[in-house]
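For reference, the structures are reproduced in the following blocks.
Next, two complexes with subunit A in common: one pairs it with subunit B, the other with subunit C.
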Partner chain A sequence: MILQNAILPDILLVLFPFIVLALRIFASKHEKLQWYAANIVLFTVFIWQNCLMLGNTQIYLSNWKIDTFGIFMREVFVLGSICALWFAKDYFDHASTGKARLKEFPEFIATMGFATLGGVIVVSANDLITLFIGLELATIPMYALTAWNKKDSEGSEAAVKFILMGSAATAFELFGFSYLYGFAGSLNMPQIATEVAKNASSPLLWISVLFLISGVGFKLTLFPFHTWAPDVYDGAPTPVTALLSVTSKAVAIAFVAVLVFGPFAAVQQTVAPFLALLAGLTLLAGNLGALKQSKLRRFMAYSSISQAGYILVAVLGPETNAKFAIVYYLFLYTFANYLAFFIFGIVGQNRKEDFVSLRGLSKQNLTLAIGLVVALMSLAGIPPLAGFFGKFHLFFAAAETKHYALVTFAVLNNVLALYYYIQVLKAAWIDKPEVEPCALQITCRQKAAVIILMIGVIACGFVPMLANNLFAGLKF
Partner chain B sequence: MLQQILFNLIWIIPFLTVLVCVPIANSKVALLKKIHLCSAGIVLMITLFLATNMILDYAPYAGGNAFAMSYLTDFPWLAAISAHYLVGADALTILMLVLAAVIIFTGVLASWRIASGHKVFFGLLQILAASVYGVFMSFDLVLFFVFYEMEALCMYLMIAGYGTGDKDLGGKKLTLTLALGSAMVMAVFLGMYVEGGSWSVFELANVKLPENFQMWAFPVLFMGFAVSSSLFPFHFWSPAGHSAAPTAVSMFAAGVMMKMGAYGCLRIAMYLMPEGAHFWLPYILFFVIFNVCFGPFIAMRHKDLKFITAYSSISHLGLIFLGLCAMTPVALRGASLQMLSHGFLTGLFFATIGMIYGRTHTRDITQMGGLMKIMPFLGVGFVIAGFAGLGLPGFSGFVAEASIFIGSFQNEGTLFRIVTILAILSVTATAVYILQTANRMLHGPVTNPHFKELTDATFEEKIVIVIFVICLLAIGLCPAPFADFLDTSIAPIVSNLTR
Partner chain C sequence: MTSLYSYSFLILLLPLLSFAVNGLFLCRKSRKASAAFSVLCAGLAAAYAISVALAFFTNGATPTVAWQFRFLPIVGDFNANIGLLLDPLSVMMLVVVTSIAFFVNIYSIGYMREDMSSGRFFALLSLFAFSMLGLVIATNILQMFVFWELVGVSSYMLIGFWYHKPSAVSASKQAFILTRFADSFFLLGMVLVSYAVKSFDFAALNAVNLKDFASIPLNLGIMVMPASDALTIGAALIFVGGWGKSAMFPMHIWLPNAMEGPTPVSSIIHSATMVVAGVYLVARLFPFMAGAGNTLCIVMVVGAFTAIFAAVIACTQKDIKRILAYSTLSQLGYMMFSLGASRLCDGSINTLGYTASTFHIFTHAFFKCMLFLVAGSLIHQVHTNDLDAMGGLRKKMPFTYIATLIACLAIAGIPPFSGFFSKDEILMTAFQSGHVAVFATGLLTSGLTAFYMFRLFFLAFHGKARSEHTAHAHEDFAMTLPIVCLAVPSLLSGLLAKNIFATKFVPGALPVATAEHLAHATWIPYAAGGMAVLGILIAALFYARPKANIERALDVDNRCKLYKTINHKFYFDEIYYAVVRQFIFRGVAASARFVEDWIIGSLVNATLFVVRKAGALVREAENGYLPFYVGVMIVGVIFWYFVGKLPL
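And then the complex of A and B:
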């Protein structure tokens, strides 16, 4: 059936930014039109992808590969975009404390659409050039989004830092790719994989691996390449911060998974100690950095650095389990992170975005306060919330290949993480506000989003539907 | 079939109660309290009913290393890690469930008069309840861990939100130390699956885990569990946490949660890794010495009632670990009896202390005096708890402690015999601080004129005390049925330990 053709939703996704921009040009008087169009397209794509038949790999034009992992990752990207779209709407509707109202919503949606498309290209690439284009397409729109608020000097500063770091990372990656091409004599990934299996000890290969990991380390905020993240997250407009912490991270981890289980599958366990070291240090750096933060977005930056470390732990595992754990965790991470951001967004609308503004939240609005507990405890990995099951699967993947030391270290790091998540809860539940906090304004859209995400975070863990379906799909 | 459904409802009812209470407004305090009391009461009834059923027709131990399971429920749960929903009850489980249900029921009664935030407080208490029920019921390691770690979600908010004194620090110490313990447990569980190929306790019991794995995994797992039983050097959370916690949480933490650790040590660590146990337990005995021998002396020097009780708990939990380390059948039976007995007695302790504190607004024993005249019922309750704690014959403490001492003396290691003698001597110290405290607090002249206006226990407080006293006396006066019944749980573990 033609609807089962997996490339059609991809084409719709390619058209998505252009549809929004066309509506902007030709129907500029109807301001709401682009918003509705964007929602319709994204939801269509998401539902369509959910209905696709799993298990068979389709290859188009020899370098566009759609497999089950790719479809699941597409769902993660599109879900992230939908959340970002809903989250960003309020920042274009009215000003928030210290930051002017954002403008040019349709262009924002289109730019975000391009970034999402970049992610899709990364998971469909079957050769290095496509992979590189995808990675760049996912990154370059982010530079623009970071500086979206033109009058905000912090945003511009963040964007400049981001561009400088990002370009360096790009250079690293290209260098790695060029050596890989020199080593294998081909850009095609299956051919590279056979070459790697044949000649695993070539120094050319290892130089390329080193540079590729460093390059993606920037984008995945791995230690010691993570230092840009807090500044950029803090400077960017809040919806962009959310997008950076979820979609951007998902693209980077997809890139790692595509490489490690594609061309480098034969040397996965040889690279493993190096990846384990990076993952462990990233966990520690993220967790230690988050301990002393008092600004919410900076705090989320460090929290997401440590989350990147957790996800990287799974890459050491056997392919099916690792891919399953990564996809599953990314879903839950999207839910929990956006839930936290929605709540911070509501609170930050007419207060500063730091811990002090959260004070008295439990007295003011119990739903939001409970939502905050659910989001942060899920990120901290406390059962029965979904985050626990996600982390359990991540650790399980690594334990299957007997990386006990890393697993133990990661699990112990969870205790550190719990401490700083509790600090936020303390602000929201325990601390008394010094002055009577001003009333919260919550739109219906925000309320709906908070409740839907909350149900997602609570139920997707112990109700095994999501997990079992993903696993069944990947096991083919 | 009906009984099986009832059994599964034990942990489901608390969650349902929370869901039911979500739409109820926070101002309808009386309704909220009634709903929670009813739910806790129903669970208590179910556990008592099932326990009576099991005690009346249990089959004596017939050899082998399998537990005599009732109400076994098993179906696949998480496909990716092949985890199952596997719950069931044997003797130890069902008795611990009764203990937990009693503590939760009395905990709801004891928090009858909290000032505000009823909806959140009782909701969190119910989640705690579900988590302990689940821990004792589940025989699948993933399910077990999910329930085991769940309390971290509630503990901090309950202590920091509703506690007294330095509650933020106390709450954090407790939550984070327990999280550290669970982290150690989780790491080993993952390893056990990879080495043993199953999450089911029953299947793992028949697999001999590789010895080099057991050598590092056993101490990590044992100490991970022992964190929540406040074994030295992880005991520090207990005084800080208990002194800050509200009454119901203190009762819960000391009465049930600290037993979860010892239960895990016995049921999972020692049962599944007997070779590791044989190697490591003599070394762990050195930590136990601290608990048993120093606990009472530290308690003697403290003036704050909750600190005294916290250190008393530490020393009593040390006796459980002494029983576990000795590894003889009598000692293990004593240890599991002590889990039950100490659960009831510490519940009574913290309940009376909470009630007295609620009236006098001080827990400093030097500022109290002559309370027996003013509140005789509470005073007698406290004295009974004290007597049970120092092991007076007739109360459950005596039976449990005597079994532990006899059992650990049966172990022929010289070290065990020395520690046993020290432990018996330390019971004297226990008598000293308990009698001293009771004397200062209850007798003598009334030091504070304001105390004269205080009232004795209210109706619901009397119920709490009476329930606990009945439980203490029941085990103390006719221990034989309980001990024989518990043997069906202990003998399989012993059989695995001697394989």
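And then the complex of A and C:
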């Protein structure tokens, strides 16, 4: 029975950063202890969450709500953290040429743990204050993580940009929240929902919608609030970039889903044109920006901007379809994105992280080259890889509510996306290196991670084919 | 027994496994290992198929779906399934395909011994068998189409296996394009029919009664027509797919040209896979086709004409593989017109046609496979396909000689060899159908068949040696073993399987009346046998007499116009060439090229220009200047205030 207690994994997750920090303070001699502890806790939480009963909503202390969508999103966050943990490990273990080695791994883990906790709070919030705390808790550790490498001036610059713009975005959000409270007279989300259903034409409500979406648009890198992303992604240490592109994005989309299907459920189709425009312009901007990049992390920034646009498309659909599509896509997005980052990380160990460094990869290490194909083709949405089915469900959700124009636009944009993803593959498979590339250093952990993630991407594509509908019968 | 059925997908998976393992791992490492693995998989599949067949026929032969799963829900109850159907027809084909594939695999060990890329060959051969097996066990027409195309692709790769030979490359392209051309009609027909019936399943299609559909209007987008008319058109279109795949006139030219592939490939194409698929398609959809207007009449006319047309050409050829190719065409014509002739003039159906046709698929597979293997052996020893360079091989290759004699007697239709029984039933169908011309064509073709087969037989094995290669000819064990093994079914399959076919191979419930009380002409076996004996005697007179003038018999230059026309296959290759060159290349392709270069090309360039400029705009906005970024955020909110379509 204890396995099905939904609140215990959350409590364990709250304790997680403190456990790691306590081990750092009281057992500082054992360097590896914190790493092992972090792994044990995160895997325990992940497995535990997988054992939870789906389908019923439980409310603890009136403002902590655990529902099906929340459980799935928790799994996404924890999975992202595990990937980030494994990915970051090598950056702390040994120096790469030209870059300073990262230090203070336990603190890094704890900070990351706080960000993960923030995501969990967002999907559990049942009132506006909790929601806001969750969103801030998911964002503030990111500022610190961006500047983790204190000797790197680019990282510091990125962090300054990030924190200033993030503060502006937080201001927007708070402004939106305050108007929403003014409008509804309550912080409780179900009560706000009933108020919204009663009085949908109030300007107070719509000002708050505009500011809330704009505020979260910063975190979700929606157009035109995406401008920080390329600079910050490029400046931050690579593990942080990966974390930003997956966990931060997942938190933001969860926030949008919680709002749109919670308080704003009654006016979803009135907000829909706004969201459709946002999604369309975002994915266009992301795709156009990614066309001619030479730096890998900058490229991934634009790629993740366009992915955010694709995910936002699903929010227009009916609740169950939309939430299913978002959850499914986030799972495989986590797999594919971390797979790409692992490969870029390995290549970037002793070289610059740009397209030229990828040249000759297919000759040097076939596994990595194939992994790159799997990751990027999945991101581009080529069947039978997972990305195709993910995008199919995203678009299908929006098509259910007859947003055909947006779906068509998104599908056409996919052509552009294919173009730039193939540019990366061209560098890895076809272009000849000008100078003999230096040897790659791969640890067993990295190799295992690449292979597991590759299997994950492929399996995510085949599982829905075998079982007709993975989430059949679930209502979100 | 149920577990035997439920694991019957192994029959498919074994060749697929062999393809994957050979293609991915073994083919570059060791040619011997890949041959051994391929033979092992084919042998296991054949053994499994035979045990399934034994269990199936001893347990009443009730059609069952061994397993099935939905892989694409389309709308409502309309699903695309993948399944495994076990009914008399598919079980029979499973046995034929797996056992032929097994023998051909063994044979290829010998035939491809000197070829450096034989690993690739075994991989592709397994893929070919897998595709055909998938086609045979299909429970629905969509699944069949998928494997149908796979058969096309794998045949393309096998015909062009020796890709360094330009003739092989062009032959493979010709085969692929021509069958693909026919397949596009199949696809159209499939869409039309499944749209009208709202199902892909054979069970549903075969239960269609046109009368129920006559009053349902069907909206085709450009016009509205009664669903029954659409179904009739659909049936005819589906048949066109089989028309091309089975190489019926005038889409026959790819089959003789496909002889450029390695001989084991020809053997498997002609006996068990690929060309039989067309006949199989019509047989599988027999109740549907029988109900769909005059579709079966088209089948009959096409089949009968191809039967005699190909037989006439075969009488003048010198290339042994081409003779056999035309003989296949002729035999496929038999199978087709037997199915077609089931429909009597009054519209009722004579089920004997179906029985006879499936029976002929069965018997023909063994002796035709074996004849090609013999041809391969001869070519391997004499280093040419030409009858000019053979002769007198009887002493050098005694086992092959006896086996060939059995196969020739079987195809000629001499009792008690296998071909006699099936051909007899086909002629009976033709006679009972009341179409006198078709019956006469069938009877005449039977005589011609005996003639050209024994012409080949005498010219290759009898008489004096006509080249020095024949002196070194010997028998290769790996190649002779399958030939001798196949001689057994060539001899006995007709006699033993006659009753099974007569009782179990009747089409399911038909939507139209079944013909009863048909005259059973007892003289037909004698007439057919007589024609065959006559053909053999004429061949013996020309080519096996001690004083026979072989030079004259093989001379093609000093001949009358008619002979030359026939020898040049009625100039069909040239006609195709001219049509393709003048009409398709110069006309259609050139105008398409113009549209491509100027209209589409400039559209693409314009799009590219716009996208590049827009991309530059987005990238230049990233100037790294923080106040600008914050400004953009604030302007962004104002922008969305006006543009966001919010009810403010």
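Just so we're on the same page, the second predicted complex is superposed on the first by the 465 of 476 C-alpha atoms of A that agree within 3 Å, B and C clash if a C-alpha of one lies under 4 Å from a C-alpha of the other, contacts with A are read in each partner's own complex, and residues count from 1 in each chain.
Criterion: a contact is a pair of C-beta atoms (placed from the backbone, for glycine too) under 8 Å apart; a residue touches a chain by one contact, two chains touch by 3 or more.
These numbers come from a predicted model, not from an experiment.
S.K.: Fit or clash for subunit B plus subunit C once both are placed on subunit A?
M.R.: Aligned through their shared chain, the two binders clash on subunit A.
S.K.: Should A:214 be classified as contacting the first partner (subunit B), the second (subunit C), both, or neither?
M.R.: In the superposition, A:214 contacts subunit C only.
S.K.: Who does A:414 touch here: subunit B (first), subunit C (second), both, or neither?
M.R.: first
S.K.: Go through the superposed model and pick first if A:383 touches only subunit B, second if only subunit C, both, or neither.
M.R.: In the superposition, A:383 contacts subunit B only.
S.K.: Pick one for A:64: touches subunit B only (first), subunit C only (second), both, or neither.
M.R.: Neither partner.
S.K.: Regarding the shared-chain residue A:425, is it in contact with subunit B (first), subunit C (second), both, or neither?
M.R.: In the superposition, A:425 contacts subunit B only.
S.K.: A:393 contacts which: subunit B (first), subunit C (second), both, neither?
M.R.: first
S.K.: Just checking: does A:72 make contact with subunit B only, subunit C only, both, or neither of them? Give me first, second, both or neither.
M.R.: It touches nothing on subunit B or subunit C.
S.K.: Taking the contacts subunit A makes with subunit B in one complex and with subunit C in the other, which residues are shared?
M.R.: 468
S.K.: Can you tell me which positions in subunit B touch subunit A when the two form their complex?
M.R.: 26, 77-81, 119-120, 142, 145-147, 149-150, 152-153, 156-157, 160-161, 167-168, 172, 175-176, 179-180, 183-184, 186-187, 190-191, 193-194, 220
S.K.: So in the complex, which bits of subunit A are touching subunit B?
M.R.: That would be residues 321, 324-325, 328, 362, 366, 373, 377, 382-385, 388-389, 392-393, 395-396, 399-400, 402, 404, 407-408, 411-412, 414-415, 418-419, 422, 425-426, 429-430, 462, 464, 467-468, 470-472 of subunit A.
S.K.: Which stretch or stretches of subunit C touch subunit A in the complex?
M.R.: Touching subunit A from subunit C are residues 70-71, 73, 611-612, 614-615, 617-619, 621-622, 624, 626, 629-630, 632-637, 639-641, 643-648.
S.K.: Touching subunit C in the complex: which residues of subunit A?
M.R.: My answer: residues 160-161, 164-165, 168-169, 172, 201, 203, 206-207, 209-211, 213-214, 217-218, 223-225, 227-228, 230-231, 270-271, 273-274, 277-278, 285, 288-289, 291-292, 416, 465, 468.
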